[in-house]
Amino acid sequence: MARSRSNTQRHPRPAGLKVWPSAAKAGCAPGTLVYVGENEASETLATLIEYGEGENDYRETTFASLEKGRTFEPLYQTQWLNLHGLGNVDLLQLVGERFHLHPLVLEDILNTGQRPKVDVYPRYLFITTRLVHVSPEGEIGSEQICIILGAHYVLTIQEKPTGTFNSIRDSLKSTQAQIRKLGADYLVYALLDKLVDRYFSVLEVLGECIETLEEEISTGPKPEHLHRIQNLRRTLHYLKRGLWPLREVINTLQRDEADRFHPETQLYLRDVYDHTIQLIESVETLRDLVSGLQDTYLSLQTHHTNMQMRMLTAITTVFMPLTLIAGIYGMNFKFIPELEWHWGFYAVLGAMLVIGSSLGLYFRRRKWF
Amino acid sequence: MARSRSNTQRHPRPAGLKVWPSAAKAGCAPGTLVYVGENEASETLATLIEYGEGENDYRETTFASLEKGRTFEPLYQTQWLNLHGLGNVDLLQLVGERFHLHPLVLEDILNTGQRPKVDVYPRYLFITTRLVHVSPEGEIGSEQICIILGAHYVLTIQEKPTGTFNSIRDSLKSTQAQIRKLGADYLVYALLDKLVDRYFSVLEVLGECIETLEEEISTGPKPEHLHRIQNLRRTLHYLKRGLWPLREVINTLQRDEADRFHPETQLYLRDVYDHTIQLIESVETLRDLVSGLQDTYLSLQTHHTNMQMRMLTAITTVFMPLTLIAGIYGMNFKFIPELEWHWGFYAVLGAMLVIGSSLGLYFRRRKWF
Amino acid sequence: MARSRSNTQRHPRPAGLKVWPSAAKAGCAPGTLVYVGENEASETLATLIEYGEGENDYRETTFASLEKGRTFEPLYQTQWLNLHGLGNVDLLQLVGERFHLHPLVLEDILNTGQRPKVDVYPRYLFITTRLVHVSPEGEIGSEQICIILGAHYVLTIQEKPTGTFNSIRDSLKSTQAQIRKLGADYLVYALLDKLVDRYFSVLEVLGECIETLEEEISTGPKPEHLHRIQNLRRTLHYLKRGLWPLREVINTLQRDEADRFHPETQLYLRDVYDHTIQLIESVETLRDLVSGLQDTYLSLQTHHTNMQMRMLTAITTVFMPLTLIAGIYGMNFKFIPELEWHWGFYAVLGAMLVIGSSLGLYFRRRKWF
Amino acid sequence: MARSRSNTQRHPRPAGLKVWPSAAKAGCAPGTLVYVGENEASETLATLIEYGEGENDYRETTFASLEKGRTFEPLYQTQWLNLHGLGNVDLLQLVGERFHLHPLVLEDILNTGQRPKVDVYPRYLFITTRLVHVSPEGEIGSEQICIILGAHYVLTIQEKPTGTFNSIRDSLKSTQAQIRKLGADYLVYALLDKLVDRYFSVLEVLGECIETLEEEISTGPKPEHLHRIQNLRRTLHYLKRGLWPLREVINTLQRDEADRFHPETQLYLRDVYDHTIQLIESVETLRDLVSGLQDTYLSLQTHHTNMQMRMLTAITTVFMPLTLIAGIYGMNFKFIPELEWHWGFYAVLGAMLVIGSSLGLYFRRRKWF
Amino acid sequence: MARSRSNTQRHPRPAGLKVWPSAAKAGCAPGTLVYVGENEASETLATLIEYGEGENDYRETTFASLEKGRTFEPLYQTQWLNLHGLGNVDLLQLVGERFHLHPLVLEDILNTGQRPKVDVYPRYLFITTRLVHVSPEGEIGSEQICIILGAHYVLTIQEKPTGTFNSIRDSLKSTQAQIRKLGADYLVYALLDKLVDRYFSVLEVLGECIETLEEEISTGPKPEHLHRIQNLRRTLHYLKRGLWPLREVINTLQRDEADRFHPETQLYLRDVYDHTIQLIESVETLRDLVSGLQDTYLSLQTHHTNMQMRMLTAITTVFMPLTLIAGIYGMNFKFIPELEWHWGFYAVLGAMLVIGSSLGLYFRRRKWF
């Protein structure tokens, strides 16, 4: 079976230039599982957290081989199985069999360039989202995170360990946490909330980038700024493409799949939903600002070059009358009385100085130099 | 529990540059109440106003400590409890308990960067809005105001005392006022009406700013104007982001929550709704004008520089033939009859004067100087 | 009660600059009636027209004082009460009482900066519209006209007498007119039809303005044109803001309030509705043309200045070789044979002439002069 | 009764400049029939075609006077009455009476600037459309064509004879044509199909215009092109305003009035509907191309002028060092050894030649000349 | 019967310039079948594939003449008849009769410029789509592919053999393939999936084109780039016009025609639907990038020309003072002491060198040369 687009893996592009989140596997026939993400497919590591309402109802197990996974029996009310890395396709397939996941779900998990979406299956919800992160230099990256919400379990599959959900695990450990009392649906809310929060910090970094850029441009526009503006525009487009479907996902959970969520959890979902709206508006504002920035850049650049041209032309203009005077007294007429004067030369030099400096002062007062 | 975004408080930005109304607390886990606004969390001050239809049915009580609040018993039909300042989290928590407010409500009250919204809870409506104000210099600021409408009470929580609602309190004191006869829902209308009114005065100031700027630009565009245009655009974007959700809020009150409002009050709500539509249209008009202003600025700036360049080049052009003439009579040919003439020098000077001044006049008539 | 925005009356702006139709009174508390329009509040004058199907069933009464109004008794089937001027608030209040108008209706009538809208009250419809007019110089103005449709009566309230409805009164006088046979609802249609018609003539004037401007710009763009383009854009924005809600109004009458209109009148309403759609499309076309006009202006202005700069630079270029020749024969070399020739000077002058004029001709052929 | 806008006829504008399809009559009171189109109201000519399923069931009658029309009796199953020219208002009125047409229908027929629409009357459908045509020079024109579909008859009213429907008449004459077997509703489909087809040929002509213009601009942009771009934009806007409502019309026929059309005819209507969608998309594409063309024009024009300015400035720059050399050897120093050399003059001339031509070559290699 | 638009075939345009997918046949009367595509109407070749669930239930038959086709009897459960080339209209007509296809369907098949759509007929679905392909040089082309889904058969009609569906045929041959077990509806999904996949590779090529172009422009913008930008924009517009209706098609299949698809197949259709959404978003991103590219091009081109002009003007400015000095010492004053000095000439030359080179260094330090 031909795999026409599998060459995408071979020349991965830098995050800033990616036109669409790598949708590489799309061309394969259903039924074959291949990992098509851009990150090195690291070793898969499974962490199982079981918890219940009771004070000590918490157990955390980590296993990498299949045998251990097979002999496993659930202990407490809610299970959260977290998989890191997508290299071990066999383990994933085993998990898929055990949780009765549809082949399309497994395919989507491995094909890490998915658009955020929620797919409804009779026995579980399959949520695909992206985790964005930003380096201190303003480089935006993102990874796919899949969440599967079953009756009493949550499955999360990440491309590589990021530590994003550590705080959730910590709060699960503490005895009185609300999250221990509410079930698997509340855990899904907490995960989504974390993912949405990451967008806020990314936007904050971008907002600062824009401000810095704005200041730099107003002191002196350079062609390099144009490149950075284009990059910012691309990054914001990228974020927008992640946020709009995320909003849809949470809206779907809230409206169409309301019966899978406890009324109390629904209130929290509504809160996350409000945050995504706020994020979308922020992205739109930033896009507007970047677009205005480009206009400012163009206007200021033209202004700067025009100022320089005006200065040069003004200098030329200052010299024109002086050269004319020199030319006049260089004429070979027989009777030019001034030529006979003893101080004539110095008088003319003085006149030149006066004319030149007064023109120069005039132009300087108009701020043309 | 990590509070990843709590550093927002540490370097607050000026109002004009804020990209989104400080949504700082968003990253916290639910259940912990921290004030995350940008204003200094001032001491909380509670004012309780009770009133009924009767002539003397009006009582106003102010209390800051918890003990007094605890022993309080309602006297008249409608209660309006107004809280100033969000520093006293404990008092707020007490109020929350007494009015059975959901933890998310308390969180939203303290997290003062909320988008205007209305959240429906079984026993009360929770409305988040923003109060905009403008300094005489055209600086726009805004504060969060939360309104909770219960069966017979209204709760308003402001970041700091602004005196916006003083006129409502005054009209509550007067015996024959309509507001005394209608219940808590009419009070909410009156509060919203006040908030919407503030937008009108802000837009008026902005409209004047734009006119002033337009006049200044048409007399002589400067790079500084570009900066002011960019600022105006940002401010209008900011207002738009406050007004659109406010329209939604009032629409929701009017349509989905109509049963909480007396038919008479509904008519008034419809009136406020019309005002928000009018405001949104005004903002759009102003945005259009600002956008046209930028085009005008760019066009005029280019025009100005071009005029100056044309002037300088025209001056250069005037000197060209004169220099040539001087050069011609500076040639060393043996037989140039004019050189022998006694008045030749003066004739040539005169010719130069004629040529130069006629060229100059020609350019001046075409308004190139 | 503070009237924060009542200062709008004090400095009224010219029609062309108004950002939103003066929404001055918006800030007042309900219940106080003050006229807040921009026109001098002229004396109120009431005209009552009563008519029925019969041949002589027509009576017209004019009265200004309250007493006469009080003793009045309806005679024929349909009453049309037209009020001119809003200075006499007392009379208006009396009318309001007699027709049981809601306080909000009276407030909207006096607050003449309303957005066109229709408010549904149990016993009547309250329609707010604007009458646009255009001076021969292309100045656009507008006035608020309120129409109240009751069971058997129509109330119209205008800011000042405009004579717009004279033709309707004339047709009411004629015995066989269809308008006499159909009731109050048809009268409302006739009034709305008149108001919509006015927009057609305004758009025609604007269309001619644009054509004139286009021709002027193509002959020679001036900065003043930019100002006129900006004004046209503003005027069209203003018209658009009047037309969109008018369309809504007529749509509401046609759909939601269909039971208040005779099936025959509904056909006519549909016709007016089609006209408003046509008007909106025309405004959009004109907006598009104006936007294209600005691009044309900018392009032509740049083109013109560039042509002039090119001409000046070409002139300079023509003089360069001539000056060089003069310089060459001005050198002090001992052995320059040409200098000895008797006709050398004239030969060089001739060569200069040939070079200069051929360069000049070359540039002229390329249309650079 | 005042006819405020009837002056539109007096100064008809060229088709390319018309802002909205002449909506002249709009201002008249309903009930008076006046022809307000822009074409000379030619003599009305009525052609009646009757046909049925049988082999010889076809009769064509032409009559211009009223008497003949009165005595007419239908013969076959389906009647198609086609009226050319709108000069004979009386005949039209007679037809209106005979077919029980509403006064508004007759008014819309005579007022030839209508927007395409479909009006539903209990006993017939009234469809207003426009027939577009294009001259070989790319001039777009349009005429109003009204179609009335009754139970067993179709009425078509055209401003003037165009021959558009000749092919339909021809196919009606042929015995085996499908059109003979299907009723009046299929005839309406065939008429609409013809009208939609005309748009395809118009768009084809415009598409070629754009391509030609694009080529011309890329060889050398001229201000005249800007004018043609603006005209194309206007024409496309005009077509768009004809097509969008036409799509609505056919959609309404297909959905809301489906019961007036045979299921077989509905399939054909769906086909026409698809064609209008295709047309609308084509217009949008052309609009996009024209808009891109303007950008290209501006960019290339600026580029061209800049090239010329660069060339002129480069020429000036070539002469600068030469003039300096001439100046240097024109100085009057006593001891300039070169001046004494016999070949000094020629050496300097040679040096000038070398310097000038090498500079010239350098600039030419950079393609600045 | 006139075929007004059949001349489109005669001058086919290159794919890049086509304004709308050749909708040539639109003008013909229904009932006449003519092939109106742009590709040479190659010989029609029919391939019939029959398959069932059983291990050997696969048969492939190829026939070109009518007789063989007539005597054919179905063998296994599902039939897939694939037709290549549209030259043999008779065979197509025969197929049309055998499968009871509506005349409009046959017309649409031959008229290869259709917009993607799905037409619902009682006994089958008629799906029109386009197969896009891209040459290594970035030339985009497309062909129409029609799919008819009946109860147990699938008909595919392609303009010419492309080999796109070979992989599907291969997987049909393999015994255990899922596709063998699921029926005709799953086959339609597989075909659509292939078509959608092709868009991904096309977009990938375009994405690389844009990146290459971006790099080239940033090193040095040339007018030729503008042409390529305009072409890219056109291509993306073209893709958009293919993708939006394709999304609609799949949505219609999924929602309105859900009963024709097995629940299992519906899951797969939903997957394809998600892919089209992703494609549409990618096209929008690319369009945005191209639009930004044009701005970058314009800005950089202006910047480059400005730099060159600045350099030339700076050179001129360097020579001005030198020429003045030469002029000064060329004056004929009697008493200019320097002229008498023996080294005066060399001193002045040295001074010129110092002035000129220091000015030159100054300008070079500011990077003006």
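Lettered A, B, C, D and E in written order, each chain numbered from 1.
Heads up, the rule we're going with is that contacts are C-beta pairs under 8 Å (C-beta built on N, C-alpha and C of every residue); 3 or more make two chains touch, one makes a residue touch a chain.
Being a predicted model, the structure only gives us computed values, none of them experimental.
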Neighbouring chains shared between subunit A and subunit E, ordered by label: none
Interface residue overlap between copies subunit B and subunit C, same or different (over half shared): different
Centroid distance [mean C-alpha coordinates] between subunit E and subunit B, Å: 45
Interchain centroid distance [CA atoms averaged], subunit C/subunit D, Å: 28
Per-residue multi-chain contacts in subunit A, two or more chains: 302, 309, 313, 316, 323, 327, 330-332, 336
Chain contact topology (line, ring, star, complete or other): ring
Interface residues, subunit A side, partner subunit B - complex: 167, 170-171, 178, 190, 196-197, 200-201, 203-204, 207, 211, 218, 267-268, 270-271, 274-275, 277-278, 281-282, 285-286, 288-289, 292, 295-296, 299-300, 302-303, 306-307, 309-310, 313-314, 316-317, 320-321, 323-324, 327-328, 330-336, 368
List of subunit A residues in touch with subunit E within their complex: 1-2, 4-5, 8, 17, 19-20, 23, 26-27, 29-31, 102, 104, 114-115, 117, 119, 223, 226-227, 230, 233-234, 237, 241, 294, 297-298, 301-302, 305, 308-309, 312-313, 315-316, 319, 322-323, 326-327, 329-332, 336, 338-345, 348-349, 352
